[in-house]
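Some notes on the structure that comes next.
Read from first to last, the chains carry the letters A, B and C; within each, the first residue is number 1.
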């Protein structure tokens, strides 16, 4: 289980990406936003920002998740990763309803990410000191 | 050959990214869209959407490609990855000419991606069951 | 040290991402750009483009960095990666001040990236030839 936790988190992250992309496609159809436009209805614009912000955060998260796992923190990186996923799901759902409510999930995601960052930095620091 | 197929697919993916970025830069110059603007001419806007959509899909694809390879489906993940690359190249070329023609390549790309996702999920599921 | 250089570069890349995201959030607050809007003030728009361009380039860079390292160019991939990071930091700082000054850092980043790309392609080519 433990050994596969970062892979599970990675798969959940990909499914989250897919979900946020699907919501954008759905809103594009429903509100008749013709591609390549990325504005035209508040619901579409919130969906698009959720997708982009999820993308931005994923590109910061997957590298630190796997660096932390690489340097030996497999279990705790996985746990922090699950926190990140939960925070990002909360963020996405809340933001889709009301941009003003995106803060809670964002902070939880940031805490999960920061934990993987600290583990990655600690592991790297130790490896550099060990020569 | 087989062993290096996911790496080949990854390299092709990076070159595709570079290609979509290059088209945006070219359109920015040709239609005199001053940075940081991301609108102003339909050709530029299509090029920009192609780049962004390629980026979004790459961030969903590379993790499932490598998870599938990690769990032993090296050859089939590579084959699915080649399908993904071909679909995304078709998508990019078709979309640049006419946004309405982006569907075919998109679907082919999705099929390739879905195959890597299924392999990654199968491999992870087996590893979790094996304890 | 050498063995951990790609990891160090990856961590710096993540911190750069975080920095560009932080600048966008700060500009969003300072110029009162209500989410989900991504335009409304030139400083915000430059910050947003810096973040997005950094994201786009990171997704092209991390795969070639690690492919190059995987195929044995650990040290030189790390050195090229440091050049990339320096170029991208220069790009971000210059662009935030004046979009017209983004060229120098961009080119340095491209040189670093191109070096990792060449190493990745060379390593892959050799591996394919070796069967």
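Just so it is clear, contacts are C-beta pairs under 8 Å (C-beta built on N, C-alpha and C of every residue); 3 or more make two chains touch, one makes a residue touch a chain.
Note that the structure is predicted; figures quoted are calculated from it, not measured.
Q: Could you classify the connectivity of these chains, where an edge means two chains touch, as line, ring, star, complete or other?
A: Graph shape here is complete: every pair of chains touches.
Q: Please decide if copies subunit A and subunit C contact each other with the same set of residue positions, more than half shared, or with different positions, and reply same or different.
A: On the two sides of the subunit C and subunit A interface, the residue numbers are mostly different, under half being shared.
Q: Take the average of all CA coordinates in subunit A, do the same for subunit C, and state the distance between these two points in whole angstrom.
A: 19
Q: Could you say which residues in subunit B touch two or more other chains, in rising order?
A: 55, 59
Q: Considering only the defined contacts, which subunit C positions touch subunit A in the complex?
A: 1, 3-4, 7-8, 10-11, 13-14, 17-18, 21, 34-38, 51, 55, 58-59, 62
Q: Using the touch definition up top, name the residues of subunit C that touch subunit B in the complex.
A: 42, 45-46, 48-49, 55-56, 59-60, 63-64, 67, 70-71, 95, 99, 102, 117, 120-121, 124, 127-128, 131
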